[in-house]
Amino acid sequence: MTTVASRFQGVIPPVCTPRTADGAIDVPSLENLTRHLLDGGVTGLFVNGSSGEVTHQTNDERDTVLKTIAGVNAGQVPLLVGAVEQTTNRVVEEARRMVSLGADAIVATSQYYAISNAEETGRHIRTVASAVDVPVFVYDVPVRTHFKMPTDLLLELGREGVIAGVKDSSGDDVSFRQLLIGAKDIPNFDIFTGHEVVVDGALLGGAQGVVPGLGNVDPAAYRRMYDLSVAGDWAGVAAEQDRIADVFNIVYTPKPGRLSGNAAGLGAFKTALVLMGIIKTNVMSAPMLSLDEDETAAIKVILERTGLI
Amino acid sequence: MTTVASRFQGVIPPVCTPRTADGAIDVPSLENLTRHLLDGGVTGLFVNGSSGEVTHQTNDERDTVLKTIAGVNAGQVPLLVGAVEQTTNRVVEEARRMVSLGADAIVATSQYYAISNAEETGRHIRTVASAVDVPVFVYDVPVRTHFKMPTDLLLELGREGVIAGVKDSSGDDVSFRQLLIGAKDIPNFDIFTGHEVVVDGALLGGAQGVVPGLGNVDPAAYRRMYDLSVAGDWAGVAAEQDRIADVFNIVYTPKPGRLSGNAAGLGAFKTALVLMGIIKTNVMSAPMLSLDEDETAAIKVILERTGLI
Amino acid sequence: MTTVASRFQGVIPPVCTPRTADGAIDVPSLENLTRHLLDGGVTGLFVNGSSGEVTHQTNDERDTVLKTIAGVNAGQVPLLVGAVEQTTNRVVEEARRMVSLGADAIVATSQYYAISNAEETGRHIRTVASAVDVPVFVYDVPVRTHFKMPTDLLLELGREGVIAGVKDSSGDDVSFRQLLIGAKDIPNFDIFTGHEVVVDGALLGGAQGVVPGLGNVDPAAYRRMYDLSVAGDWAGVAAEQDRIADVFNIVYTPKPGRLSGNAAGLGAFKTALVLMGIIKTNVMSAPMLSLDEDETAAIKVILERTGLI
Amino acid sequence: MTTVASRFQGVIPPVCTPRTADGAIDVPSLENLTRHLLDGGVTGLFVNGSSGEVTHQTNDERDTVLKTIAGVNAGQVPLLVGAVEQTTNRVVEEARRMVSLGADAIVATSQYYAISNAEETGRHIRTVASAVDVPVFVYDVPVRTHFKMPTDLLLELGREGVIAGVKDSSGDDVSFRQLLIGAKDIPNFDIFTGHEVVVDGALLGGAQGVVPGLGNVDPAAYRRMYDLSVAGDWAGVAAEQDRIADVFNIVYTPKPGRLSGNAAGLGAFKTALVLMGIIKTNVMSAPMLSLDEDETAAIKVILERTGLI
């Protein structure tokens, strides 16, 4: 695997969490998926993120997931681990437990369910960062937290060394670009896009990495795109991005209205991984439904035409 | 105390959670607050709700809160206890622990952070209800969960005996009225409003109870209003409601923009309780700030003019 | 018709706008509908409101509607007329034209499409009020304008005599009650609820009137409810409200997803009026679809069981 | 001026609308601004768009604006003209008037204020397109209309030849990219981004043009960026984009909370144009306030450091 400049740059997929038919964490499948990602050339792994259904897992399950991935990874790439809880006190507990189990960095969101504001959010992140001795990244995901991290706050936290970077899943490309520009003079501050289909623009604008849920399915494609960007071959990057966008169509195969947004997207990744022989079932965490036979067949068509099976 | 017809009707305040100056749960203050509420004639207590800062508490703190309140209450009134977690698996864990510590009923929201839909939400509530052997109430609070419980789903769950009722904090008076009308023929189905200042209209429309955060400060007023409604004295109910609306002005005393919505409202309740000598500090859970001296002075004026101190 | 205390109190339905099969304003039907409303005992008419599809009408059509209603009304009850446009300059033009055609009062919203704020909205309403010599009411309808009128601003405009009152379609019962309480000492300031099914609570809380779209279908029921409230028979008011809530079920007859929210609700009113023989077609303004045969049959059942046909 | 392949590609700024000190349209300033844009190498002009404060203008003012710009342009570049009204009937009226005054293409949004859905929106756009004999573009601006145009609908309208393209101001980079990919095989379908600071990524992804409000201030920079993209010099495009992002900081100079979002952004463009000697005042349409002296001074600093004055 080519080395990349910083510990936290490049392609860092949020690892899916396979379950067995009866709903338990499927450890062998998770081990296999981890190997698939490392073989695909990823430069880091994002553990216990939204794509990993972290919010649907009990604490015991979260621990199992991190221990399993850490065991296979054995230090090959850094593990960025989510501490996804509602409020400061709970995030601190979660972050400390994750660090004790091997997290190389912690990824934390703003508070949710709580109705907060920018000033509280600043204190929240500072408290989390001071509670652990590994780097902390902010995960900006307003579609879930219903709070958009202010660019000014992110830059302030970066300049003061409180946070090591940002995973942006805000869907707000203007603020993303302004974050990239504002952070140019901040050393050791890495910015990742979480959006699978706009990685070319993100890299052209200066992003240090990408955290694509679709990277579970095709990690090598994201690695190719990243390497082309390092080489300055932007037309190549865009062409690869267009190919990936077709793979991304798997998330639109569920019948309209049958599944929640969560279940459709993550279920499509899992179903593709089953079809590719990497995990055993496409079972989702309760109460989410899994993709059915028709939807699976539609995904098979896409995987075949994009050369993934 | 006058008895009321059902176990889960009447005035059921969501109990605030006092903290000491260094941020720990203030057990003696919480005991005192519980006695204050029982003395005020409440007919139930809602433990570990949003007004109790449940989402800001660790699991250990939640346990301490329930054990403390249950100890003082000693079975006098039923305890409805929140199991406020993001997803099914976690709510089930939380609900079981709360029942083991003395909950007489469980109150659960829809999922949050997860992006869910109506069908998943139905399965979510059914799974929670089947996991515990006490009644389950749905807590509809879209301002926090960002999901409005569909009236049809609530009525379906009620008719099938899955849930025992609803605490409505939706702020949607049209759907609330339609829920009241739809539920008229469902036995043992109790509907509570969580909005402090529209209790008169809710009771006139047929609500069985009220879960007012402001009831921490003035439980007796809500009990008076409830008794007047039972007696059919609606002009009296409205007059009492207007008086209470003035007390509610304490939540508008914080300087604009200084505090989050959470910190302003709940902080005002705590500050009033300090001024009334019921709890020791108005310290909030991290990262929320407390009301300052000016804001406290403004609350004192309101409490004096409404006869509460 | 019983007289009521103020010019702008009581039952003031927003008049629907019938169209002919080919989409023109159906003047004879509109005349008939106006007579139906006056016969039902309404105390005012709200012309060119959302229920009148004002936003779907050209300026010429808006003029025709007002002229038609004013002709039948012949001064019997006051005409509150919407000046529903995006921004100050355009509302002023619209308001002046409506006054020239017989408006007794103007009803204006906050700006929309424009991204405005509270301070601009204050200037906006002041400019509109100073441009016409009839009373101006604010129409608070955030579901359409995406701006909630701040209660403080409404009270300030009321105290300074800029506006004569508020039509509240905010669906926010807490702010509605606070507006009612705050306005108690403002002379000649009338507050109306626009929500058909919570009129009992609104009147108990002190509202001066109601602007119910459903009042097109059953104006007499709203008048009965209003008269019972004046007589202090609140149990009677609530019982009448419950009966009306069943009539309101006509808006839920359209098949899920077939029609927009606009087309479903207003289309149900029109379809009921056709079934009652008051207007000729249930044709909607383009691009809205009309209710179909099945949906019409479902409305017929409701009208029959509630005694309206 | 270099020719570009299609009539509707390249750099098409939405022209600002200068007003005199007493609030009238400032025709000489608008003529001067039009010359400034043509001199800067723009390949089209977007007249009566949001940046032109179209929604704040009366019909007479809109006519004056188009006639003025058309007079100076004298057919040099195509004029895309907004028909920005709430509903179908009104957009049709507006579109026909604009065509009669010289529009080369019409730009229409989804309905607003009306609560519509995808199916109605399809009929809406089809009706508008069939009412005029010039190309129609869809303007997707959910922050104003509160309706996101579905990508599927846009592609369907494109494939059927109903629309000639899309101006995207959705801020949703994922759907934008999917639109670009979906439209690759649709002939004569041009897609423009309306976001000033992400033009590099948009062009890399295949966009045909850009409609930047900031292009009023620095049209030549956008033309340079466009020409570099045609030449395949993507590093150069990104560098130019970064320089432009600094100019864009003028929109953040207004004091927090003093102005609405509308007034801050558009007011900054106008203030910069005054400082550059192109228009006479920075007066905004009522009820918007203008930038003050301090804010103007801050803009001067930015214009100086970016070489614009």
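Think of it as A, B, C and D in the order they're written, each chain with its own count starting at 1.
Note that in this section contacts are C-beta pairs under 8 Å (C-beta built on N, C-alpha and C of every residue); 3 or more make two chains touch, one makes a residue touch a chain.
Computed from a prediction, not measured in an experiment: that's the story for all the values here.
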Problem - Those chains which touch chain D and also touch chain C - result: none
Practice task
Between chain A and chain B, two touching copies, which fits better, same or different residues at the interface, with half of the numbers shared as the threshold?
Solution key: same
Fill in the blank from the handout: Cα centre of chain A to Cα centre of chain C, whole Å, reads 49
Exercise for the section: Go ahead and note the Å separation of the Cα centroids belonging to chain A and chain D. Expected result: 35
Practice task
Give me the residues of chain C that touch two or more other chains.
Solution key: none
Fill in the blank from the handout: Among line, ring, star, complete and other, the chain contact graph is ring
Handout entry: Which chain pairs touch, all of them
Key = A-B, A-D, B-C, C-D
Completion exercise
Touching chain C in the complex, chain B uses residues 171-174, 177-178, 181, 195, 197-198, 200-202, 204-206, 232, 234-235, 237-238, 241-242, 245-246
Practice task
Going by the contact rule at the top, pick out the chain D residues touching chain C in the complex.
Solution key: 55-58, 61, 84, 86-90, 93, 111-117, 119-121, 123-124, 127, 143-146, 259-263, 285-289
